[in-house]
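Sharing a structure, written as structure tokens. Questions coming.
Note that the chains take the letters A, B and C in the order they are written out, and that residue 1 is the start of every chain.
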Amino acid sequence: MGENDRHQGRPLYEWIVRAARENGLAGATVLRGLEGYGAASRLHTAKILRLSSDLPIVVEIVDSEEKIESFLALIDGVVGEGLATVERVEIHFYRSGKPD
Amino acid sequence: MGENDRHQGRPLYEWIVRAARENGLAGATVLRGLEGYGAASRLHTAKILRLSSDLPIVVEIVDSEEKIESFLALIDGVVGEGLATVERVEIHFYRSGKPD
Amino acid sequence: MGENDRHQGRPLYEWIVRAARENGLAGATVLRGLEGYGAASRLHTAKILRLSSDLPIVVEIVDSEEKIESFLALIDGVVGEGLATVERVEIHFYRSGKPD
């Protein structure tokens, strides 16, 4: 998605991270790209669009296949423009620094 | 690849994104790392090399296996130093904000 | 992991990249997220926590399954809080710009 995409008054990527957390998904990380293009074939470039800063945003979310599929169904109507991919990973460890 | 790698007078990652777009690939995103090392086992670090800023660059491109393989063949001779990996993902949605 | 996590007097992500290099792994890249949450379900946000800058850090490391598993065993005791995932990729090319 784009950095400037918004939903309910906040950046869309923030909304997605909060929704992921509220729905109990195991983790989410937001990465901002330097440039890119996507579904609308617009080219986003840090240098050209520095003022508007409409840069590509990647949100990586990790959980079980079932929870990921449910979450994608939840956000499906909210993402007006974007690409969502799903891939299989093996969780090696998932650990909190706080005592259980 | 490195942030300072160039091809035809522009950053190599910019050249790759434009080539991907011109060849009709579905999407590309450029991410810049804080530090890293790769094929030449040189360590790139933001703090030490801030002036030269030769930081690792990741370009993620999404499309069918056939188009990805063709594109990798196209850029193979252009990337003097780098690592290319291919993995299988499932496209969940791919959507433009503009009316079809 | 978090940007502020430390080990042996340096940022944990730096320690991991150096350990990967010293153990001969083929490549590593550090990416810093804008925001995220993980094992401890704390929300890290660039805007709110700019001073502390405890932002999510992703370290991507590429090598054979055997070397990755060994390396994860090595760092397992060092990462107090974090999520580690492993996935299969195909190496398309891995090339140094320097003459062999």
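Note that a residue touches a chain if its C-beta (ideal position, glycine included) is under 8 Å from a C-beta of that chain, and two chains touch if they have at least 3 such contacts.
Please read these numbers as outputs of a predicted model, since none were measured by experiment.
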Size of the rotation, in steps of 5 degrees, that lays the CA trace of chain A over chain B: 120
Interface sides of chain B and chain C: same vs different residues, half threshold: different
Whole-Å gap separating chain B and chain C, where each centre is the average of the chain's CA atoms: 19
Shared interface positions of chain B, touching two or more other chains: 31, 87
Contact footprint of chain B on chain A as seen in their complex: 31, 33-41, 43, 45, 56, 58, 72, 76, 79-87
Parts of chain B lying in touch with chain A, wherever the complex brings them together: 13-14, 17-18, 21, 26-32, 57, 60, 62, 87-98
